[in-house]
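Below: a set of structures, written as C-alpha cells.
Both complexes below contain chain A, partnered by chain B and then by chain C.
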Partner chain A sequence: MALALDTSQARRKRGFWTMARRDAATGYLFITPQLIGIIIFVLIPLGLVFWYSLHEWNVLAGSFRFTGAANYEKLLSDPALGEVMTVTAVFSAGLALLNMSLALGLALLLNQKLAFMTVFRTLFFSPVVVSLVAWTIVWSFLLQSNGGINGLLQMIGVEGPNWLRNPTTAMISVIVVQALKNVGLNMILFLAALQGVPRELFEAARVDGVPRFKQFYRITLPMISPTILLASIVTIVGALQVFAQIMILTQGGPGFSTTVLVYYLYQQAFQFYLFGYGSTLSIVLLVIVGALTFIQWQLRRKFVFYEN
Partner chain B sequence: MRRTILKTTLAALTVTTGLVAPAFSQELRMAIWSANEAHLALFNEIADEFEASHPGVTVTYDSLAFEGYVTTLTTQIAGGNPPDLAWLFDTTAPDFMAAGALYPLTDTFATTEGYDIADFPPATLTAWSRDGVQYLYPFSTSPFGVFVNNDMIKAAGAKTPAELIAAGEWTWDNAIATAATVAATGKQGLVVRDFDFKIWENLAEIYAGWGAHPWSEDTKSCAFNSTEMVDAMSFIHDAIFVKKAMPGPGVSADFFAGDAAMTTTQISRASLLPKGDAAFDWDLVPLPSGPVGEYAWVGRAGIGVLANGKNPELAAEFLAFFSSKDNVAKLAQFFPPARQSLLTADVLSAANPLLTKEQIEAVVIRGVATGQSTQQVPNFAQLQQTARAGLDGLWQPQADIVGVLNALCDRLNPLLAAN
Partner chain C sequence: MKTELSPRAQALAYLTLCVLLIPFVFPTWWMVTSSVKPVSQIFAFPPDIWPRAFDFSSYSDVFKIQPFALQYWNSAYIAGIVTVGTMIVASMAGYAFARIKFPFANAIFMVVLVGLLIPSEVTLVPLFQLFLKWGMINTHWPLILVPIFGAPAVFATFIMRQFFISLPVELEEAARVDGLGRFKIFWTIALPLARPALAAVAIFTFLGSWNLYLEPIVFISSADKFTLPQALTQFTDAYGGPMWNIQLAAATMTAVPVLVVFIVAQKQFVEGLAHTGLKG
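Then we have the complex of A and B:
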C-alpha cells in the first residue's frame, strides 16, 4: 500500500516537471540576471522619470511638489522647444544620412578581394573603440580657428572657417565628428551583409547583361535591406541620444544652433535646477525614439526583403 | 553563564562603538573650484590645525572643475551626496539662499570667540545674506587688475602700462593700441581670462568702464541694448575683429604661459607667474580707465555650509575657524579679505611677497574700496545661458551689434520679468 502511494507521488512530481516546463524554467533562469538588470536600470528609472515629470522638483530646496500635467503644459509654451526640435531633427537626419551612406560606400569598397583590405577595415573600425570623450576633445582642438584642419587648408591656400563658431559649420562639424566616430560599426554590419549575398545572383545578372549599378539597386540593396533597417534604427536612436560631443565641442552654440534635445534637457535639469521639467523632456525623447523605431519597424514590410 | 558574558560583551561593544564611532568618523568635505597646489597647501594647513583641536574630525577639499562647477555641485546635491561646505559665486548665491539650501551662520559667527563680525564692513556682507541672516562668509573680495608682460611689450616697441600710467594715459583705447602692437608681432595682445566667448560676465571688467550693466537696477529688465552696453560691446568687437588686439573665438592663449602681452584677472593668479627660464619681467596694474573715468571691478566668492550636509553644525564651526582673523591673514596672499582690519598694504604685502606695496595699494586696496560687483539676480543660471547663446551672434566679424543685443533682450526680458 505504502509502495503504491510512493509511486503515485513520484508520478505526480514527474507530471509537473515535464520536459517543456523544465526547458522553460532553464530559459527563465538564464534570462533572470538580464531581466533583473533591465528592471533595476531601465524600467524602474523610466517609471521614476515619468513620476518626476509630474512634479516640480527643486534640488537646492529639496522640495518635491506634485503638479500634475503642469510640466507637459509648459512644453507647449516653451519658446525654445521648437528651435531645439528642429536642431535635433537636422542633426539626426544629417548624421543618419552621412553615417549610413559613408558606411555603405566603405563596405562596398572594402568588400573587394584586394591586398591590404584587412588593414583598411581595421583602420576604419578603429575610431569605434576609441574613447568618445578623447575622440571629441582631439577634434575640438583640430576644429579651432587656429587648429589642425585650418592649418592643413592653409597649406593649400584656403582660409578655413571658424568651424565651431558659425551656426552652419558648427552643425556640420558635430555631425561629421560623430559620423566618423561610429561609421566603422555600420561598415562592419554592411560588410557582413554584403558577404552574405549569394554570388550566383550577380553571375546570373551578368549573364543577362544587367549593368553594375542596376545590380546594386536590384540585388545588393534588397538583399542587405534587413541590415540597412537595423543600422538605420541604431543610428537614429544613437543620434537622438547624442550629448558628450555637443557638450565638449559647442555647448549647444553658437546661439542655439547645436542645442539638441538631450543637451537641452541636461541644461534644464542640471544647470537650471528644473529636474521636473527635465524629466518631462526625457519622456518626450522616449516617445520620439519609440515612435521612430515603430515607424521604421512597420516600414520593413514594404522595403525590407527577407529570404524566408 | 558563558552565553550571558558573550551577550554582555556584545552589547557593551555595540554601545561603545555607537558612542565612539561618530567622534572618530566625522568627515567634512569642502567643494572648491581651485586645484592650485599653493592654495591647497594653505587650505590643508588650516584643516590640520582644526583637526588637531578636534580629534576624530577629518577635513578634505574637493577640487571641482571651474567650468561646470555649479552643475557638478547641483548634481552632488541631487544625488544625496552634498559637500558639507562649498565655495559659491556671488551670482549663484541668491538661488542657493532663496532655496534654503544653506545653513544659517549668524549665530555661529556671533558666538565664536574672537570672530568679530563687526570687522566686516556691512557692504561686504549684504551679497551673502538674506532677510538679515548671514548664509555665507565673504571669502574673496578680489579686484581685477591687468597682469603685464613688459618684455613682450618692449620687444614690440610699445609703451608699457606703467609708462602710460605715469603719463596719465592708461585708458582702454591705449591699452588696446598696445595690445594691437604686440599682436602684430605674432603674439596675442590682451586676454580676458576665463572669458573664452562663453563666460560673458567676465567682460564686466571692460564694460563697467562704460558704466554698462546687463540688467536694469531692479533686475526686472534687460540692459544689454542700453547705449552704454552697445558702445562697450562695439569697442570689444572692434578690438577683437578689427584691431586683432584680443584673441578671437577659437583661439587659445594663456598669458602665464607667455602667449600674450596682458591679461585681466585677479591677484590670486599671481601664483601662476612662471619661474626660472620661463620667467619674464611682469607688472600688475589697475584696469585702464574707460569713458566713465577710473573704476574698479571686484569678483566675489563666498563659502557656505550646505543645510543638507551630514554635519552642518560642525561645518559651520570649521568655517568660523577657517575665516578667523589669523587664518584670513594667511589666506590674504591669494584671496583679498573682506575684514577691514586686514585690508592694509602692510598685511597684504606681508602675505603677498610676489606683489609690491604699490601694486597692492593701486590694485587691491583701492579696488576693494571703490570697486563695483556683479548685479545679483535670481535665476542667474538660466539668464547666463540665455545671454551666452544670444551673445554668440556678436562674435562674428560682420555682426550686427545693435541687432544682436536687441534680440538678446527680447529673449531675456520675459525671464527677468518672471523673477
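Then we have the complex of A and C:
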C-alpha cells in the first residue's frame, strides 16, 4: 500500500505542486472560512471587549474616554454586584444539580428492559425541541398567581404562592423551568453511556453476589464518569448563559433576586447603554467560564476512572 | 423483552416515570389547549384539562397584531441558511483538521477551539459595534453571519472532525491511488459517509438558530424584521400585560411544527445527539 502511494505520488508530481503540497493547499482552503470567521467574530471582538472595558463609554451621552481600571474599581464597589454573583452561583449550581440528578435518574429508569421505554424517552426529550421562548411563555402563564399550577394546587387544597413575585419561589421557578427544558439532552447522553457499559461486568458482579446499589457505585458510576464530567461542565457553562428565561419570567426580579450575570450584562450594556461597564462585566463572565474550564481539565485527570 | 425486575418493581418504575412525566408534557398540552379556549376561560377554576368551549379567534388575532407570517418566514429562512451554511463550513473544516496534513494544523485547530470556550454573550458589545460599522444593525446579517462563521460553528466543526477521525482511512487511500483529488474524495466518499454526523449538526444548528433570543433583541428593532422568539413576547396590551391567549396561539404555531418533525424523526434526533455526545 505504502509503495503504491509513493509511486502514485511520484507520477502525479508536476513541478512545485507535489501531491503533498496540493493537499496542504486544499487543507488551508477548507479551513479558511472557519478561521476567518473565528478571527473576525471571536478573536478580534475578544481583544476589543477588553479594550472597551478600560473606557468610560456611555452611548446615549456619546462619551468615550480611556479611564484605565476605573470600570474594574466600579465593579468592586458596585452595590448590586455581590447579589448578582450570589444569584448567578445559586442559579447555576441549582440548575446543574437538578438537571444532572434528574437526567441520571431518568436514564437509569429508562435503561431498564421494559416495554414502552422508547415512548417515555421521546416524551421526556420533547421539551428540548419545543421553542425556548414558547416553553418559557407557557410556564410564565402557568406560574401566574391565578395560573394553572396554583389551580392544580388549589384542587388539592393548597394555596399556592405568587411564584414569580417572591424572591425564593422566583428563583426556584427559573431553575425548574430551565432544568425541565434541557434535561432530555443529558438524559440521552447518560442513557447512551449506560448502554455502553459491558453487561458482563454486571453478570460477574451478580455471580459474586454483589448487591445492586454496590454495583451502581462500583461499576456503573465509574464507567460513565467521563460522560458525567463532560455533561456537568457543559451544563454549568450553559447555566451561566441563561438569558431568555430570566428576561421573560422575572426580568431579573423581584429586586435583583433572579438577576444573573448575563442578564445584568444585558441591562447595563443594552438598556442603560453603558458599553464600557458592560464590557467589564463580559470580562467577568469570561474569567468565570475560563476558570470552570480549567477546573474541568484538572478534575478530568483526577477523578475520571476510565476513558478511551 | 426480558426484564430482571419483579412485577412490583416494574409497576413502581412505570408509576415513577408517569409522575415524573407530568411537568415535561403538561406545559405543551396546556399551551395548545389554552390557545383554543375563550379568553374568559383560560384562568378558570378548576382548570379545564380539555377545553369546555372552543374559540379559534386568537389564531387570527396573531396575524392582525403583528406581521406574524413575515416573522415566521424570517425565522425559517434564517434558520435554513444558517443550517446549510454551518454544515458546509463545519464539514470542510472538520475534514481538513481530521484528515489533511498541512503545516500548523494543530496550532490553527487550537485557535479555532477558542470559539468553543467563549460564551457568545462575552463578545456581544464589540459585535454590536462591528455590525454598526458595517451598517448591519436592524438587518438579519448578524443572525446569519455569526452562527455560520463564528463561535457557534466551532462545535459543529468539532463534531465533524471527531466523526471523520473515526472513519476508516482505507477507503480514501484507495481513491487516492486511483488518482482522485482531495476535493473529489471529500465530496464523493467522506461526506456521504458522514450523514449521521451531518444530521446531528443540522439538528443542533437549526434548533440553535430557531431559539436564538438575546442576539435578535440586541440587533433587531423593527417588527417586520423580528424572528419568532422575539415576536412571541410582543403580544401585549396597552398596559404591557401579556395577551395570554394570543401569545399561546403564537407559541403553539412556533412550537408544534418542530415538535411534529421531532416525533416523526425521533430516532434520528435522539441517536444523532447521543452519537455526538459520546464523541465529545
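Worth a mention:
Everything below uses one rule, namely that the second predicted complex is superposed on the first by the 273 of 308 C-alpha atoms of A that agree within 3 Å, B and C clash if a C-alpha of one lies under 4 Å from a C-alpha of the other, contacts with A are read in each partner's own complex, and residues count from 1 in each chain.
Heads up, the rule we're going with is that a contact is a pair of C-beta atoms (placed from the backbone, for glycine too) under 8 Å apart; a residue touches a chain by one contact, two chains touch by 3 or more.
Remember, it's a predicted structure, so these values are computed and weren't measured experimentally.
In the superposed model, A:Gln34 makes contact with chain C only, not with chain B.
Residue contacts after overlaying the shared chain place A:Phe275 against chain B and chain C alike.
In the superposed model, A:Ala89 lies in contact with neither chain B nor chain C. By the touch criterion defined above, A:Ala61 reaches chain B but does not reach chain C. In the superposition on chain A, A:Gln267 makes contact with chain B only, while chain C stays out of contact range. When both complexes are overlaid on chain A, the residue A:Leu142 reaches chain C alone and has no touch with chain B.
More residues of chain A lie in contact with C than with the other chain of the pair chain B and chain C.
In the superposed model, A:Phe120 makes contact with chain C only, not with chain B. In the superposed model, A:Tyr52 makes contact with chain C only, not with chain B. Shared interface residues of chain A, touching chain B in one complex and chain C in the other, are 144, 146-147, 270, 275. The touching residues of chain C, when paired with chain A in their complex, are 1-5, 10, 13-14, 16-17, 20-21, 23-25, 27-28, 30-31, 34, 42-43, 45-47, 89-90, 92-93, 95-97, 100-103, 105, 108, 111-112, 114-115, 117-130, 145-146, 148-151, 153-154, 157, 173, 176-177, 179, 181-183, 186, 207, 210-211, 213-214, 217-218, 228-230, 232-233, 242, 244, 247-248, 251-252, 254-255, 258-259, 261-263, 266, 269-270, 273-275, 277-278, 280. Every residue of chain A that touches chain C in the complex is listed here, in rising order: 1, 4-5, 8, 12, 20, 22-28, 30-31, 33-38, 40-46, 48-49, 52, 106, 109-110, 112-115, 120-135, 137-142, 144, 146-148, 151-152, 154-155, 176, 180, 185, 188-189, 191-193, 196, 227, 230-231, 237, 240-241, 243-244, 247-248, 262, 265-266, 269-270, 275, 278-279, 282-283, 285-286, 289-290, 293. Those residues of chain A that touch chain B in the shared complex are 58-63, 79, 143-147, 162-166, 251-256, 259, 267, 270-273, 275. Those residues of chain B that touch chain A in the complex are listed here as 70-71, 74-75, 77-78, 95-96, 99-101, 197-198, 248-252, 308, 379, 381-382, 385, 388-390, 392-393, 395-396, 411, 414.
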